[in-house]
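Shared chain: chain A. Partners: chain B in the first complex, chain C in the second.
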Partner chain A sequence: MTPVWTVVALPVALGVLTLLAASGNAVLGAAASGAPAPLRHWDDPLRAAARALVQQRRRTFAADRLLSRVGVVTLPVAALLAAVVLPLGTRAVADWSVGVVWFNAMEVATWAAVWLTGWGPNSAYALVGGYRYLAQGLAYELPHMFALITVALGAGSLNVTRVADAQDGLWFGVWMPVAFAVYLVSALAMAFWGPLAHPVADDVASGAAVELDGPDRLVFAVGRYALLVVAAAAAVPFFLGGGAGPWLPAPVWTLVKTLVVLGALLWAGHRLPVLRMDRFLEFAWIVLIPASLLQMLVVALVVLD
Partner chain B sequence: MQVAAFWALAVTAVASGVAVFRVDSMARATFALLASFLCVGGLLLLLDLHYLGALVVLMMIMEMLVMAVFMVMYMMNPAGLMPMTMIHNGRWALGISVAVFAALAAGIVLTPWPPRRGAPPDDPTYALGEAIMGPKMLVMMGIGLAILATMIGSVVLSTDRGRYDREDPR
Partner chain C sequence: MGLTAYAAGRPSALLVGVPGAAAVRLAAEAEVRRLGWASASSPASASVLVVCGDPGPSLAAAIDAAWNGVPSPRADVRLSSPGTVRAALADVPATLADLPGQRASAVTGSWRPPAAAEPEHGHGHHMTGAVHGLAMAERADDRDGLKLDVLHLPFGPVLPYWPDGLQIRMAVQGDVVQSAEAAFLDPSGPDFWDEPGARRRAAAHLDALARLLGVAGWRAQAERARLLRDAALDGTPAATLLPRATRFARRVARSRTLRWMTDGLGVHARLLARLDATTTALAHLDDPEPLPPEPDVLGVLPSLLAGRDLAAARLIVAALDPRP
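The block that comes next holds the complex of A and B.
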C-alpha cells in the first residue's frame, strides 16, 4: 500500500521544486543580462508573487471568465495529477498499473488549459497564443508518445515504478538515446518553455498569458514552472534509472537527478532562441516521428530477442 | 463509495451533455462535451478498466481540442459575441430524438440478454492487448490504414502548397 507520508510529501516537494525552478530561472536571467550579483535575484519570483496577490484583475470586453478561470487553474492541477504516479525514491503516491498512460493524459490537459486561457479573455494576441499551443501539441505529442511507448516496451510494463526498476545496471537514457532526446524536447514543449515558448512569446506580447494579471498570472506561472518540474522529474524514472545510485538513499538520488534535468531545461531556456511554430511542426513530423519510430523498432528487436 | 462515485459521474456526464445544447458559445459547448467524455473515462476507471479509462481521458482531451478548432472555424458566429443556439429545426428534432430515445430504451429493457459467460480477466490491459494483437489484428490494421489515409487526404486537400513550395525561402 501507499505510505501516507508520500501523499503529504508530493505536494510539498512539487511546491519547493517549483519555487526553486522559478528562483533558478530568475538567477539565470539576471546572469544573462549582466546584472552585477545575479544570485541576489533568487527572491525575485517571491516578490512578483506577493505583488500579484494584491494586484487587481484586468478585465476585457465580453470575456468568457468561466472558461479562462478553468484554463488557468487546470495548469497546476494537471501538473500535480501527473506527478502522483512518479516514484519519490521507491514509492509513488499512486502506484497504478498504467501510470505511464496516466502521466501522458494529465500532461495533455495542458492543451485545454492553454487554449482556454487564450480563448477566455476575448483578446487577439491571447487567442493567437492559445492556437499556437494546439499546433505545438500536434507537433510534440506523437514523438512524445512514441518515446513513452518505447520506454514501456523496454520495461515490459506501464507501471512507472517497474519502468524505473527495469533499468537495473543500464539506464534507458543510455541505450535509448533517441527516445531520451525526443523526451527532453517534448518536456520543453509541454511546459512551453525556452525554444518552444512560442505560445507565450514576445512577438505576441506574451501570447496566451497577455491578459492575465494579479492572482490569475500567479497561478498560471506556478502551473507552468510546476509542469517544467514534473517533466524533469518524470525523466528520472523513465530514462535515468529512478532512485538507483551508490551510497545515497533512493529519494536523494531521485532529487539529485531531477535537479540536474531541471537545470538543463532552465539553461536551455536561456541559451536557445524561440522557434517558430510552423518550423518546429515540420521538424517534428519529418525528423522526430521517424526517428522515434526507428528507436522503437530497435528496442522492440532487442526486447524480443 | 463506488456507488456514490458512479452516480456523481453519471449525473455529471448527462448534465454536461445537456449543457452542450443549452450554452450560447461554441467554446463552452466543446468543453461541456469534453466534461461529459471525461466523466465517461472516470466510469471506466471505476470498472477497474484502468488502461481504457486513462486512454479515454487522454484521447478525448486531444480530440476535443482539435475539434474545438473546427467547431469554432465552421460556426456562423466564431467569436460567440452574438447569440447562437446549438438547436435547429426545433419541433421535428424534439420528436425524432424522443422517438429514438424511446426505441433505444425499449431495446435495452426488452432484449433477452444472455447470461454472462466467463469472468473478468486478472489483467484487463493485458487481455485487451492480446485481443487487439491477436484475433482483432486484421481489423485494427485496416482501421489504422483508413485513419492514416484520411488524415493525409484531408491535409493534402486543405493545404494550398505542394510538396516543393516553401512558405518561406531559406
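The block that comes next holds the complex of A and C.
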C-alpha cells in the first residue's frame, strides 16, 4: 500500500528541487561567465517567474495555440509522472512492477512536448528547434533504453525499488560504468540541457522556446528544470544504490545523491558548448549504441553466471 | 503591485547593435552585466529592447518589427552615445513598474515574427492556395533532386550573437540553405573597429570571438571574451591582461567538444587564428597598426552557406564575422 505521505512529499520535493536547480544554475552560470557578484543571481528564476506572471500574452500570426499549450504543459506533467516510480528513500508513490518502463515512457513524452511547442507558434526558428529535438531523440533514446534495460537485467526486476535494493554493497554505477555514463548523457538530452540544448540553442534565438512568453514561458522553464531534477533523481535508484548509506536515513541519502548528480549536470551545462545534432547523432549511433549493447552483454554474462 | 516591481528590478534585455556604433553596444553590454540583468535571446523573452546607436530606415523598420513582439510591461531604450547608457538604463525599472503607463501603451492583436511575414518574392504563379492570407511555400529541387518546400527566411538583424546590422536572406529547404543574400542594413560612418592601436585590434577579435562562442552555445566563454574585450579597451595594464587572455585562449583552443563541433567547416581553423591574433596583439600593445582590413567576406558568404544546414551556416557567419 502506498503511504499517503509520499503522495504529498513527492510534488513538494520535486518543486523545491526544481527551484533549487534553477536558482543554483543562475548562480553557477553567472560565476562561470565571470559576472560580478554571482550570488546575487540566486533569485533570477523568481524574477523571471514574476515577469512571466505579470506579462501580457502575445500571439504569433496564425499560431496553433492549442498544440502549443499542450506541448508546454506536457513538460512538467511528464516530469511529475516519471517521478512517481522513484523511491523517496525506501518508498515510492507507485511501487509498480514495471516502474523502469513507466519512467522511460513518461520521459519519452518530452518528444511530443518539445515538438508541439516548436510547431505551435508558426515560427521558423521554433520549428527548427522542434525538429532538432526529434533528431536528438533518435540519438539518445536507444542508448538510453539499453542503459535502463542493462540496469533491469542486473537487478532481475523492472521494479525501481528492487533495482535499488539489488545494489547491495556494489553500486551499478561502479560495475556498469558504460551504462551509467550513457545514462548521464541521456539525462542531459531528455531535459535538453547544457551540451544537449540544441533544440533551444542561441543560434536560432532559443529555438523551440523562441515565441514563448508569459505563463507559457514559465511552465516550459519549470518543466525543463523538473525534468533535469527527475533525470538526476532517477540515477540514484538506478546506479547509486538508492537510499543505501551509513549513519543517515534513506531519504537523506537519496537527497544527497540526487543533489550531487544534479550539481554535476548543471555544471556540465556551463562547461561545454552545445552539440550539433548532425554530429551527435553520428556519435550516438556509432559509439553509444554499440558501447551500451556491449555493456548489456557483459552484464548478461555476469548475471547468467 | 509588488510582483510587477519585483520583476522590473532586474528585467530581461534584448540588445540590438547598429553598424558602426559598436562603442554604444559595448557600453550597454557592460552596463547590463553590472546591473545583473538577464539577456534575452528573442523579443518574446525580453522586457527591454535596447537599441545601441542611431539606426537607418531599414534597420529601424526591422527593430520596430522586433519591438512588436516584446510583451508588456516593456520598455524601449534608444541610445545614441556611450555616455548616455547608464542614465537611460537606470530609468528602465521605473518605466516597467508604471502600470497605468504600461496599460495605455499595450498593443493588441497578434504579431508576425519577421520570419513568417516574409513575402515570397516573385513566385506568385507557384501559389496553389493561401492559408490565413499567407502564400503557400513554393517548391524546388533540393540537393538530392527531391521536390521540397522552399522557405525564405531572413536571419538578423535582431538575433543574439549576430554582427551588428547584418541581414542574410536565406532560402531554406528543411534546414538546408539553398541560397543566401547578405547585406548590412544602412551601414554608415567609420567603423569603431577601424581605429588604429593594438588594444582596438585585440578587442575587435575578442568581440568576434564572443559571437562565435555564443553561436557555438558556450555562453560562459562568450561572456569571458566580452570581459576581456572590455578590459583591453579600458587600458588594463598588459601585465594583468596578457595572462588572462592566454588562459582564456588556451581553454577555448583545448576544448575537444568545440573542435568536434566546428571542424570540417573551416570554422575551427578561423577560431584558432583569431585566438592567436588576440594574444599576439596583446603581447605587442605598443604596436600602432590598425586591424588589417578583412577580405570581402560578405561577398563570398553566400557561396559558403549554400548546402549547409542552419546550425553550420550560423557558425560560418560567426567565424567569418563580416564587417560593414
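Just so it is clear, the second predicted complex is superposed on the first by the 305 of 305 C-alpha atoms of A that agree within 3 Å, B and C clash if a C-alpha of one lies under 4 Å from a C-alpha of the other, contacts with A are read in each partner's own complex, and residues count from 1 in each chain.
Definition applied: contacts are C-beta pairs under 8 Å (C-beta built on N, C-alpha and C of every residue); 3 or more make two chains touch, one makes a residue touch a chain.
Given the structure is predicted, the values throughout are model-derived calculations rather than measurements.
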item: Which superposed partner A:D278 touches (first chain B, second chain C, both, neither); value: both
item: Partner chain in contact with A:A109 - chain B first, chain C second, else both or neither; value: first
item: Contacts of A:N122 with chain B and chain C, given as first, second, both or neither; value: both
item: Touched partner set for A:E141, first chain B, second chain C, both or neither; value: first
item: Touched chain A residues, chain B compared with chain C; value: C
item: Touching partner for A:L67 - first (chain B), second (chain C), both, neither; value: first
item: Chain B versus chain C as contact partner of A:R47, first or second or both or neither; value: second
item: Partner chain(s) touched by A:P246 [first = chain B, second = chain C, both, neither]; value: neither
item: Partner chain in contact with A:Q55 - chain B first, chain C second, else both or neither; value: second
item: Touching partner for A:S206 - first (chain B), second (chain C), both, neither; value: second
item: Overlap of chain C and chain B interfaces on chain A (superposed complexes); value: 62, 122, 131, 278
item: Parts of chain C lying in touch with chain A, wherever the complex brings them together; value: 1, 3-4, 6-7, 9-12, 33-34, 36, 38, 41-42, 44-45, 47, 69, 71-73, 106, 109-113, 115-117, 131-132, 134, 151, 153, 159-161, 175, 213-224, 227, 255, 257-258, 260-261, 309-312, 314-315
item: In the complex with chain B, residue positions of chain A that touch it; value: 62, 64, 66-67, 70, 96-98, 101-102, 104-105, 108-109, 111-112, 115-116, 119, 122, 131, 134, 137-138, 141, 158, 278
item: Contacting residues of chain B [partner chain A, same complex]; value: 25, 27-28, 31, 34, 50-51, 54-55, 57-58, 61-62, 64-66, 68-69, 79-81, 123, 125, 167
item: Chain A residues within the chain C interface of the complex; value: 29-30, 32-37, 40-41, 44, 46-48, 50-51, 53-63, 121-125, 128, 131, 195, 197-198, 201-206, 209-214, 217, 270-279
